[in-house]
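Look for chain A in each of the two complexes below; its partner is chain B in the first and chain C in the second.
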Partner chain A sequence: MKKKDKISRPNPQAVGTETGTAPSVPIMNQTENPKIRLENINYYYGKGTPFEVKALDSVSLDIHAGKLTGIIGHTGSGKSTLVQLLNGLSRAGEGRVLLDGTDIWAKPKDIGRIRYRVGLVMQYPEYQLFEETVFADIAFGPRNMGLSEEEIRERVVEAAAFAGVPADLMDKSPFDLSGGQKRRVAIAGIMAMRPEVLVLDEPAAGLDPQGRHTIFQGIRHYNRNTGCTVLIVSHSMEDMAQYCDDVVVMAHAKVLMAGDRDYIFSRADELEAVGLDIPQVTKLCQLLRRGGMPMPAGLYTVEAAEEALEAIFSQAKGQRKGGKQA
Partner chain B sequence: MKGFAFGQYYPARSVLHRMDPRAKVICAVAYIVASFLCKNTFSFLLLLVSAFALILISRIPMKVVLRSIKALIFIMAFTAVLNIFWIVDTSEGAAPLVDFWVIKIYAKGLYHAAFILVRILAMVIGTGLFLTYTTTPIALTDALESLLRPLAKIKVPVHAFAMMMTIALRFIPTIMEETEKIMSAQKARGADFTTGSLAKRAKALIPIIVPLFASAFRRADELATAMECRCYHGGEGRTKLRVLKYHGRDAFALIFVALFIGGIVAINIFGRKYGWLYTM
Partner chain C sequence: MENTPFIHVQNLSYSYVGEDDKPIPVLKNLSLDIREGEYVVILGHNGSGKSTFAKLLNLVVDDYTFAEGTITVDGVEVMSPDLTDEEVLNLRKNVGMVFQNPDNQLVATVVEEDVAFGPENLGIPQSELRARVDEALATVGMTDYAHHEPHRLSGGQKQRVAIAGIIAMKPRCMIFDESTAMLDPVGRREVLETIEKLNREEGITVISITHYMDEAARADRVIVLSDGQLVLDGTPGEVFTHSDTLRAVGLDLPQCTAVSQHLITKNLPVHGEINTPEQCAEAILNAWKRM
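The block that comes next holds the complex of A and B.
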């Protein structure tokens, strides 16, 4: 199921159109066997009160299996609301959430089992640590699953390695760790459940650049090694550009656009139009292009930009040489 | 978790909102006293009318006030039923209205039930309108600090108490939000708070309580540091941004409540002379 997404270009007509409350909205980032499919989701806060807010407005979206998908948007764009729907922590008033093609609310009593399949790391997860030792805290999820001690131990060790929790911290109290370490322990706690989908809400919020890098590297490594579908909510385009395969852009409770990195960053102008910042490299290329340099659109890594510049320079050099010879 | 009593402040423009919070505290206490002084049909009627008059004066929608009473409906129904079945009229010539098996219902029981209902209703409406609905928690603590100041003479740390209360009130919504977040986070790890035996459910609360306390202590620590940074050193020599000041309307309200109590006492005395006013 992994690498066959080339057919799944998002439907350009569907992108950013005002479909309103049409009965069915075209599914963004559509694919044949999505890990998660959201169908026409509407979500309200305080429905029926004067304070009613529509947090999600006709959201239809596919999340591709095995990929690392980034969800990006401003505060209040609905991204945190969206991720809480994925594991059934909250339930949308309208629309369905399909996990491997089955509605997660088909049997409301079994929603607990869905939470093991879709692991959610909430914002600032370090504040949910409570056990006496780091080991026990990471083991909390697996223990709730009713696994054997042996299996629990194995999973905890594995998850700790992925999340970057050193073995010598295992017997310490989680309250004695540094902020970044706590964060990694909390992430390991979800990874240890071996979910099919791992969802992380702002996993690097409040960390320094080094800490951000370590966390994202770990998550990417985890995604590549386990084949687990991973979703990351973030508001940093730089991180998205660097680590994600697919990007979902949210604005004003809707999905503005969704697709793979190349596609999203080729539309950098639209991203800027809704007030999202684009990676600095993309910005630079944009400026160069506006200045008359033939830079290709949609570059988002330093390496790619470097290559493009080299190509342009060598071409220019060749032309100049050619000119002299003539 | 919504509609918590302390979060009930309802902004509106009314005399009750503008009154000095100290006067409101005194009025609220006096109103409770008045509701207990009521003895007969007429005084209870007056109490009921006054409660609804207060709602009108406060300009708070009737719906909002009635919603808070809805929460008390169980306790009110329970007291009423208890009174109806429990009260036995031993006076001469008192025949039960209903006499069936062990159930005997007297007119006196019905009256008592009605009286108690009115008393609870008036107390809830009265204190609610004088205090929580029309007074912000901060104004309320200011008022209590000011009213309790005489106790400082006998070394009661009045300012410290008031500050503690202010902080506690301020953090109730924060902690509630935090509880919800932690609950969600633990649910995501498969915690189950709703099924199993009582012991199992009590144990299931540990993953909530431990992080909640940890974060409450962390917050307290941060708050203490922040207060220290702003040179907080207790109440001594501390001035207030909003100085409480009595106005004409406060004097008017206090006199009015005093008259109200006087009126109820007068009705009680008056009612004893005339048997047709049913007396409790």
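The block that comes next holds the complex of A and C.
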């Protein structure tokens, strides 16, 4: 597989901050100076075998710097494949991944450095804990970066606070923690490397509502306070609606749509058409509109729906009063 | 016997054995009854004791050092030390359990062999075995996959095969321990529809443990546990009216129910069931049209 990749490697001269050739597919969610740009990515599993699957098909996409971006789609839509390209964990047969305008594979030998800049938290990361204490586990990444003990300690404390790991757990064995706590330790371990981009694949899967909120609030707080660009892969539209700035919707190996929350949820009907769950409250607003109520389109939070409904009801009351007076 | 509930739990307390043999309390003085044919959802935050409760019902727990009270399933006291092997087998056959991780439950290399594993171990004769496997696969909608390799299936399909493996043993009750937690929305829907079918059409008693409030909205009855104690018990509509209690124990209301309740607190005439988006829309539209 590796050798094959080498053969189909795109433009080996693509070094430095050059702009490259114009992409043939329009870039979704395009912006000037994106943190990450994916250019014409095609990715195959088992290429040349009878089981060949195209996991990413002509994907061109910008990820905006400093934003919290959600990636949503069915199982098999290509979202996990996509995030594994971002730190060079896997490499697309065709197309380029640009980090701050530079091809991450420009110097393949330096791909290890990209992994410090783009941190990836995989699904169920709690199974990847291995150190004797929580502190040692969070410190593993920074230690590998060759930092001083003092600097390591500072980073561990900071990351633990962002991820919601209480200080009194630091000397415990990670294996004595609850599932939610282990998850937070694993996330802190990546945050402690202070990556420029943090990618989390299903960070709240299997947690209870409180656990979900704690994790998402921690991630958002981290994003707002450090300016780190954050990507979250999730199945939950409700979580996306609540916490993300931008949303990328994947379907059948392509980017179906990408943009800010307001734009994405204004297209709720299309999301439903491809079988994605829309937030329950968006569904409610849709049903109310169909029932003749003048609800604005694209509402995705409980608060916004409550506000709109209160306005509609008070207007109806006003009309009734007005009608009686007349 | 007629009036005895299928599952009768009386003053149940349970603790795990921790460091230095100290008890770690999980369930505290729990009492409840579950009747045959009910579809019960048990809600609770992580660590609320709901999984331990399920394991006790199915005799997966074997350390009763710190167990108090009684659990009776189909008239048999399950924590009794005098349980015969036959009684244990009979209980396990009657109460099946589906776990969270679809990858940890399939044992064979072909789907139909996996489904046959349980009934074969019960000593079901070959002739009947065939019929049971076919019937079970049909019930979960996996007939076309009988000869497939389980590891190539989606998460939802794997869970349905796991369910088929249990219904082939013809249980009277099935416990789902967060069986949809690791699935995507499509897989969740598949499994939920299967669970509902088992309950509504086959009459199997269903106890489903979940974090998803929209799943709870579809059950007959919702039980909320927090820190090992029973906090709420009633129909979804009754339980969802206790929004403050639910939030206090770390659970969320379904979004639609929250919106509808907010309108009710504003003295708007929203009436009736408000557990699903469809019900909420109907209630709100009715109120609006009456304005």
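In this text, the second predicted complex is superposed on the first by the 303 of 326 C-alpha atoms of A that agree within 3 Å, B and C clash if a C-alpha of one lies under 4 Å from a C-alpha of the other, contacts with A are read in each partner's own complex, and residues count from 1 in each chain.
One rule holds in what follows: contacts are C-beta pairs under 8 Å (C-beta built on N, C-alpha and C of every residue); 3 or more make two chains touch, one makes a residue touch a chain.
Not measured: the values here are computed from a predicted model.
On the superposed chain A, the two partners chain B and chain C both fit, without a clash. When the two structures are aligned on the shared chain, A:Gly179 is found in touch with chain C, with no touch to chain B.
In the superposed model, A:Gly70 makes contact with neither chain B nor chain C.
Of the two partner chains, chain C is the only one that A:Glu306 touches; chain B does not reach it. By the touch criterion stated above, A:Gly78 is placed in contact with neither chain B nor chain C. Legend: residue contacts after superposition of the two complexes on their common chain; A:Tyr116 is shown touching chain B, with no touch to chain C. When the shared chain is aligned, chain C comes close enough to touch A:Leu287, but chain B does not.
Counted by residues of chain A touched, the larger count belongs to C, out of chain B and chain C. Once chain A of one complex is fitted onto chain A of the other, the partner contacts of A:Gly259 are absent, as it touches neither chain B nor chain C.
In the superposition on chain A, A:Pro203 contacts neither chain B nor chain C. Fitting both structures onto chain A leaves chain B and chain C with a minimum C-alpha separation of 6 Å. Chain A makes touch with chain B in their complex at residues 84, 87, 89, 112, 115-116, 119-122, 125, 127-130, 140-141, 144-145, 175, 189-190, 193.
Contact residues of chain C toward chain A in the complex are 44-47, 100, 154-155, 178, 181-182, 184-187, 211, 213-214, 250-252, 254-256, 258-259, 262-263, 266, 268, 277-278, 280-281, 284-285, 287-288, 291.
If you check the complex, the residues on chain B that touch chain A are 178, 181-182, 184-192, 206-207, 210-211, 214-215. Residues of chain A touching chain C in their complex: 74-76, 178-180, 205-211, 235, 238, 275-277, 279-281, 283-284, 287-288, 291-293, 302, 305-306, 309-310, 312-313, 316-317, 320.
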